[in-house]
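Below are two complexes that have chain A in common, paired first with chain B and then with chain C.
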Partner chain A sequence: MGSFLEIFDIYLLEAMVNGILLGGVLALLALGLNLIFGVIDVTWICYAELVMIGMYGMYYLVQYYGLSYYLAAPLTILLVAALGALLHWLVIAPLLGAPPINQLLATGGVLFVLQSFATVAFGIDFRNLGIRLPVLQFADMHFSYSRLLSFGAALVGMVVIYLFMTRTYTGTAIRAIAQDRQIMALMGVDTKKIYLVTSALGGALAGLAACLLVLQYDVHPFVGLSFGPITFLICVLGGLGNFVGGFVAAFLFAEIISLGGLFSDLEWGYVLAFAFFIVMMFIRPGGLLARRQ
Partner chain B sequence: MTMRIGRRLLGGAVAAAAALGFAGIAAAQEKKIKIGVIYDLTGPLAGGGSELQYIGAKIMIDSFIKAGGVEGYKIEAVYADAQSKPDVAINEAVRLVEQEKVDMLLGFYSSAQCVPVAGRVEQLKEFMWITTCISSAVLDGKNYKYVFRPQASGDQFGLMTMDFIDKNIAKFGKAAKDLRVAIIHEDGAYGVDVSKGNDAGAKKAGFNVVLKEGYSATAPDLSALVTKLKRARPDVIFHTGYNPDITLLLRQAREQGLKFGALVGHGAGYGVYEKLKEGLGADVNYFFNTDPISIWLTNDKTLDAKLPPVIKMIGEEFDKVKPGVAIRSAHVGMAASNTYLFFTAVLPVAIKKYGGVDPDALRKAALDLDIKEGGTMLGFGVKFPAEGSQMAGQNERSFPVVIQYVDDKSYVVWPKSQAMREAVLPLPKGTTYSNQ
Partner chain C sequence: MSLVAFRQVVPWIVGAMLIALPFVYRDPYHLHILVLILIWSFAYTSWSMMGRFGLVSLGHGGFMGVGAYVTALLWNHLGVLPWIGIPIAMVCAGALALIVAYPCFRFRITGHYFALVTLALSGIVLQIITATRDYTGGSLGYTPDRTKGSHLAALQFDDKTTWYLIALGVWGVGLLIWRWVDRSMDRYALEAISEDEDAAAAAGVNVTFEKLKITVISALMTALAGALYCQYQMFISPDTVSGIAVSLQMVFAVVVGGIYVALGPTVGAIITIMLAEGLRIGFGTKAVGYDNLVYGVLLVVFIIFLPKGILGSLLERIKPSSKR
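Then we have the complex of A and B:
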């Protein structure tokens, strides 16, 4: 009992809240990837690299062109949205009828192209936006505003996507196509246009994530490696294409990392999270809240 | 008919002799040493310091190429990018040896690459001159014959920083047993090795180690580690990391309100001041770093007289490549000095005394080295232990120094013999992380 009280201190509470805030970052990243998979049935392995390009966009707009953060953010979101649409037009659209492995490999190829492009275009230096947000202090606990922003953006993004999908004509068309790709074309829906809109929307979410991550992380051509695999695992854990599942999985994953890291070595937090993923794949192969099989 | 055949034979013999003669002359004229140079030019390690090492080595190689080579041997360098990946480093090393037919390999930034590459190169019986990576695991107990490292080893880094704090403990107003220290490190060969030195040094000094933990340099979040540090309340944090994990840790430390009395880094990311400053701003003030001394901080009077002009040349060449850098990184000088050492002290002996540039000639020349303190741009001397020793291939006269960043300048503060000023300890009141 004594040892239990010893560990149930204010630091445990801080770790739990930090886990929730990390969950917000991961949920934000998972949102766009899930949208793309849910509708187009293609996994953008290069999703984190789109985020990386967006982070560079923010860096150059703020640091080189002197734009304010709030002006640079919408421009970056538009830039990455255009990049998402371009990715679909150039790489995904020609492969829509191809086996899934071909699509996966093609987006994997784009991952290396984007990493190499960033290395050549921006160099290998680590770049920092240089904006330092204040810290929120409560009792003996401190929380990062940039993480709170990500958390808030993930929540708002989730609600906006939900409303868009359920309350607008385009959203309804997107959902309908997600249910049956062939029949909607027969009913007069322009599937090509819907795919393009969805890809741009997925790109815009990557852009939003970039605007918030650039406040917390240095930008370099390989920053995507820190997030790409974990984002993909979260989407699979939540059920690929399932927004709510991805959201829940992100927070579960983040809490396991945070609390596991607090009670044991930091590395064990990640080991536990990945072990949890493997176990869940045995129990619920379709994901925590799976709809698709 | 017979005469015609005889004439033809004679003509053929003359032509063959001429061809062989020309080939012989050409071979004599084209005496050269082909060097395979491997650093990380892409991937996270490139910006973490490896590119600066590459620049340092290249400046020196180019200067010797420009000078026409060494002892009649021209120099040709073949550069390869390890891409921050151990498997790529191994493949590139083997490619350079087997396909490019290089005479030796030089470079290597990451210990995680050095450990397997050294083993492979030794198997191939090729000569390897390590300019940078520091993990003891590369050489400890391996008894390699062809792998040499003039650079200090990782455990020396860890021991040095603990000794530095131990000798300055009065500034904390505490007894050694009451000084709370935390040892944190990236979990690769480099971080683990330095942390072992830290651990041994802490035991020797009698410090209270309140936390010792490794983490992955690519982890997207280190907040749990920061929370544990907050709970442990260390007076001094001994940290070994690359970048961007250093900036991530310290940014999250600021956001979570971590306080301490001193932060002591151990090379790699801590050696690239520009990046620390860009990521952390003024918070980097009063941080310590341990590395071989920056060649631009060595005392000219203590060095061999021929070295200061070379140091000046390296600085001028570096400024052409990276103009406007506030503090020239120690990384540049480290690779430049160790490359210069090879060209001036190993290669001439191999050619003159041992008859060429084959691996055995280079190995024997390296074992002959006996350079006293002040004989290299990094201040230390050079002597490799005899074959069969526990640390065969490791320079037993090398040592790192502790520097402190103060107001965009770096000062050597330890050991006393090299110190440029007294260390500011603990962190002054009013600084972001100060626990005063």
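Then we have the complex of A and C:
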């Protein structure tokens, strides 16, 4: 009996640590989406599809052009950043004055476009990078090295964004616009330019997430659906536009999925996470860290 | 006067022609397309009942999945006839709608937040169907057992004509419900709510109750559409009747057709299904993905340039003094 408990606890601990590692990437995704929402007040339903395109970018750069992983990653980040700016310029900018729900639906249309573009251009086969990273063994627990790397890179990415937002003029302007979008235009800040920069920044975060996720998952046109909805739920749970809330919610969600998956199938982990989300929405509709009205 | 009389007569003539159609024209493939168009039109109409009042739900894939799967599971595992199973499935979907929507409306979760909460709902339904694969077949799909007894009792018909008439009838009822809501006081209440909830509440509108009513009606209709689709196709999979993709598909078709007019969702269904079929015939298996590519581009273009949809914009062009 005692030995059984010991083994059980090891598994539990392993699941919890894996949950934290998963949380890092989810937090990175949530940060990008929150940035877009907080500044431009638009939800990119197609955010996970940008990540998917980035994963394909990594796949082709590494597999076809033979670039090394560390050379391909910055290129992918640039590519997705450009894609983010393009998305803003083509779709969001004409709709800035439209009802929010139209903006939401338009990015839903972009989701269809990106998914089917990937289907047409790359086919529906599952592809992987072919990079096998070792599994780390520590005190009878197994962690994949790629997850550790993702976690670390996600943290670094978030710190870089934090420094950018607090130490540079553009970052300060972005934060100011998030607080009051009318006044900043009067203060001589070019809102259009800031929006474009923010979109590119959000895209860059999606690109970074793509570089990390491609290490753990196979790429296929519908891969976005496996983490896209989770990302939205995390952002809403944390309060749309609330960076810290999104960060906390990402780890909460990752733990629920990881622990739920330990006790049963992975799908039940997701079901639990979704159910938790709905319950939390009723308890704290404004997000985890919001003050109650 | 003659114009009014004309407008009163037209629906009857069109209705009679639609009923007579399968007896004159019997091509099974075209009838099949028509049945699909009618069933999906009904589903899209039920979405637009809510959507036109600014309640953008992305959870309707979930209601449709409940309608289809509950009916099929009751039939296969417990032998419950669809005649009883479909109402049970509808009640299940209605209850689900109540459970999710009541707190949403009570705590004033609107706009983005409402869309994302309901998105979670369709995600949950999809995951539960996939997770309970021992009963539902998971992502491989599910087939209701062929009946050994009466076709009528099991609601399984082999000929397309019967299905066409059933789908036509249900579609007609859907339009009648739309009209009934359109002419009721609830419509004004809901329009007031969609403009400004506080002002509507101050004017004596029971905001939560009105929103709940339309949500439950919409969910019941969507579940019926799911059950009908299941009975007609005799095969359902989580991806075709539930999940986020189906929810977005509904939104897309309605936006293209026209969200504020009764026949808008029907026009949307005609366009989307004809487009998918046309591309499938034109390109064969190479067309995988092309239809969604065209859909997506159209959706974006429509929202930017023609937010009232094809039919809505046409009607506006014809009579500039219309209400909206």
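Observations on the model:
Convention: the second predicted complex is superposed on the first by the 275 of 293 C-alpha atoms of A that agree within 3 Å, B and C clash if a C-alpha of one lies under 4 Å from a C-alpha of the other, contacts with A are read in each partner's own complex, and residues count from 1 in each chain.
Following the convention adopted for this analysis, contacts are C-beta pairs under 8 Å (C-beta built on N, C-alpha and C of every residue); 3 or more make two chains touch, one makes a residue touch a chain.
Just so you know, these numbers come straight off a predicted model, no measurement behind them.
When both complexes are overlaid on chain A, chain B and chain C end up clashing with each other. Once the two complexes are laid over each other on the shared chain, residue contacts for A:Leu262 go to chain B alone; chain C is not touched. Once the two complexes are overlaid on the shared chain, A:Glu14 sits against chain B while remaining clear of chain C. When both complexes are overlaid on chain A, the residue A:Asp218 reaches chain B alone and has no touch with chain C. In the overlay built on the shared chain, the residue A:Ile124 is in contact with chain B and with chain C. Within the superposed three-chain model, A:Gly38 lies out of touch with both chain B and chain C [touch as defined at top].
Contacts of A:Val135 after superposition on the shared chain: chain B is touched, whereas chain C is not. When both complexes are overlaid on chain A, the residue A:Val110 reaches chain C alone and has no touch with chain B. In the superposed pair of complexes, A:Tyr270 makes contact with chain B and with chain C alike.
Touch criterion not met for A:Gly23: it reaches neither chain B nor chain C. Chain A residues in contact with chain B (one complex) as well as with chain C (other complex) are 116, 119, 124, 221, 225, 265, 267, 270.
Interface residues of chain A, counted against chain C in their complex, comprise 43, 91, 94-95, 98-102, 104-106, 108-120, 124, 221, 225, 229, 232-233, 236, 240, 265, 267-268, 270-271, 274-275, 277-278, 281-282, 285.
For chain C in complex with chain A, the touching residues are 54, 56, 100, 103-104, 107-109, 111-113, 115-117, 119-121, 123-124, 127-128, 130-131, 244-245, 248, 251-252, 255, 288-293, 295-300, 303-304, 307.
Within the complex formed with chain B, the chain A residues making contact are 9, 11, 14-15, 18, 21-22, 25, 116, 119, 123-128, 130, 132, 135, 137, 140, 142-144, 146-147, 216-218, 220-223, 225-227, 230, 254, 257-262, 265-267, 269-270.
On the side of chain B, the complex with chain A involves touching residues 41-44, 46-48, 51, 84, 187, 213-216, 218-225, 227-228, 230-231, 243-244, 247-248, 251-252, 254-257, 275, 278-279, 281.
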